[in-house]
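As written, the chains take the letters A, B and C, and residue 1 is the first residue of each chain.
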């Protein structure tokens, strides 16, 4: 059996194309970025080697520190709001409720939209004069709550977070849904004989069995938020007055707007390192044993 | 190769003389040798007057030069900028490409990516006398010319005459007038000046003009080109007055939440009475049937700068890649496009001209008006983000946005700007 | 075979509450889109004052005509479709095989290789723009569809491998043992026995691969200059720039961009549903 599953040639056939393609691109990207991060380079012509100076500057940059805090706030809030919700929805949808297919499709629709669309759409929703949000508040008599949503340094970040959660709940719901669906029925059948149904079944059986997928979702949410860029770029471009900056938007700005390729590359490496460490930590902390059933 | 050079040199002579007629005359580079030129530009929106003019000019060039294949590399403004920088960073560039003068192209020129046009001026390929005087000022680096003009603009206060008539107010002549009419508008639920400060650059117009009112064209231009520090009285006064304008409600409270497009929308729908920016949209507004009054930004009593100076000038430019395989042909293409685009786009009212217009198309009223304003001007200066280098421009943009968001003080601004020097 | 035991929660009252919750949430998810479809048919007067929240009083179909005629939208649409199809095809095969090797086959470096792929999840795409630009330029594939297919496929791998690995782990080892005893080669085992068992997961990752390549903007903008190769996301960007004064056509453009994805999702998800039902009756 070991020889069967350890067939070196087969392993090579299975893994090498992917590894080559991916590893190659990964190496090129990270390799170049590390190299650039040691330069002061405007992107054109020659750069000057300055060692780790970009990193020192970056860590002391007040706005960069704020951007890191913002990205963490984004990650934590999204995790706390989005994941339990997605799980709850997945549980309900797999409990044999009517209209399962329709709901599943509806919840997933926002995921299918491109970020440009989501950004443009939510910009219009938040528009202080014609947006759905303020109009709705007005017609509900809550005019005092109407706001200058994306233009107010206090509310802008939360508005971005809300749009982000809206778009991706369906994504995680689908992943958890698929995981729950692949749990064999017999487990529930035998549990039912033992008297465990409904919420108890969910808590004792379903959740532990889909823990690997839950962990995967958590890692996706966190890394996705730490490196988020698209939505923020479209909605606020880091503004107003840097209120919604995140490391990726600062990186983009450094490279493509103020022409500091080296500085921007240092930020890119920071994001990569940050995500790798956290993903690694999460994997270790939530140990899941391989379940044999 | 020598044959092509000889013929194109001969062509350069003739291109200089006859500018309106290019069909069939000097068969410049067509010795039967097929060459390909890449042209990078931002004219993608088919409904825009500028794009129409650009394509007309380009088609005319193609007909006159059947041996040249033009490969267009176009993208809309923001995407184009990212792409251009990426392409240049990778060490290549389109043979001819749109760019912007002042700080934007400094790094390109310094790295030797842009062709120095001095020799072409000397040989007559580029005839400076046929262009408007001083139009290329922002395209000189180390006293050499590196770019040809594409369009010029003027910063005008566009007033919706219908709205003004409705509330019985007149176009403001002084800053005090502006405050007075703003009060009237605000009391009636109309935004005085539409402002889309989410995009950061629109807010630079009021700041820029205040600097001209308090400090003057020469002082400001020197400062922006690198002389001295930002801690000067006229800079302070400009910042203070801008904050005052924001506080008095000259701009709407939600200006920082709106994009420029949304602000334009506001103005067009009549929900804002005025719009202060470049002349780019004036033609479109007129086309939509708006009744407009065009004036310079109000003067400030007691201020010691230029009271009739304008934000304006030429910032978009056409440059030639120094690494082009067909440099002469590329320069020729650039000169052709620069000139023809100026003529055709001016005729349709899409831009202000950069070359002396000698055609006989009838000009619309607003073009005549703009011509009047230009002739009576004390001087011009571009917006700060064009002339400053990229990093200082970015700091300036962020701080100015901070003024509109009521989050920035004058001292913080001065400190941040001086830190970039 | 009808399910005899279901996991239905007994209490009908609770079921009602849950249903209400689902409906309310569905409304929340979909209302912005309904609003989008509405204003894609509205005229400016209605959008900017007359009728912000409700359905259009007058259905302005010209908005769609404007959006579709404005530029080579059809070309962009087709480009996006076939590039995405290529990506789904390539990535699904590569993912299925690579995840299998990592999770089921026995070799020392499997953990390390898994982490190499996971590292890919951490990369902010925009940092790779210039390095990849230079790479593709050297390879000579710049301004061809390959310059998009290659990175899209590559970046779809980590996610797919992670998901599929989880699914492979739910398959009992006995499957391969039985196949081995029966004399199957490893390839036969994989293609005929294991793969069919994870069809729902395959459909799921196909959907995600499709999505990420369909909606991608940055690479599409930078690597492709020729109009004939441009994708829909790039086209949508210019559309929003063109119609700043009229939200209607912009809305129409967005609906047109979203529709194909929706259709593909609905089609694929039916497949997912059927595959899962078939799987649910396995002993």
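Quick notes on this one:
Here is the rule we go by: a contact is a pair of C-beta atoms (placed from the backbone, for glycine too) under 8 Å apart; a residue touches a chain by one contact, two chains touch by 3 or more.
Predicted, not measured: the structure shown is a model, and the values here were computed from it.
The chains that touch both subunit B and subunit C are A. Among the remaining chains, the Cα-based centre furthest from that of subunit C is the centre of B. Of the two chain pairs shown, A-B and A-C, the one joined by more C-beta contacts is A-C.
With centres taken as mean Cα positions, subunit B sits 40 Å from subunit A. Here the spacing of subunit A and subunit C, counted between their Cα centres, is 15 Å. Shared contact sites, meaning residues of subunit C that touch two or more other chains, fall at 48, 129-130, 134, 237. Listed for subunit B are residues 82, 86, 89, 259, 262, each touching two or more other chains.
For subunit A, residues touching at least two other chains, in rising order: 43, 129, 261.
The residues of subunit B lying in touch with subunit A in their complex are 81-82, 85-86, 88-89, 107-108, 110-113, 198, 200, 253-259, 262, 266, 271, 390-391, 393-394, 398, 401-402, 405, 407-408.
Interface residues of subunit B facing subunit C in the complex, by the touch rule stated above, are 44-48, 73-77, 79, 82-83, 86-87, 89-90, 92, 259, 261-262, 264-265, 268-269. Of all residues in subunit A, those touching subunit B in their complex are 42-46, 123, 126-129, 148-153, 236-237, 239-242, 253, 256-261. Across the complex, subunit C is touched by residues 1-2, 4-8, 10-11, 13-15, 17-19, 21-23, 25-26, 28-33, 36, 43, 89, 92-99, 101, 103-117, 120-122, 124-125, 129-130, 132, 135-136, 139, 166, 169-171, 174-175, 178-179, 181-186, 188-189, 192, 197-199, 201, 212-213, 216, 219-220, 223, 227, 229-230, 247-248, 251-252, 255, 261, 264-265, 267-269, 271-272, 274-276, 279-280, 290-293 of subunit A.
Every residue of subunit C that touches subunit B in the complex is listed here, in rising order: 44, 48, 70-71, 129-130, 133-134, 137, 221-222, 225, 234, 237-238, 241-242, 244-245.
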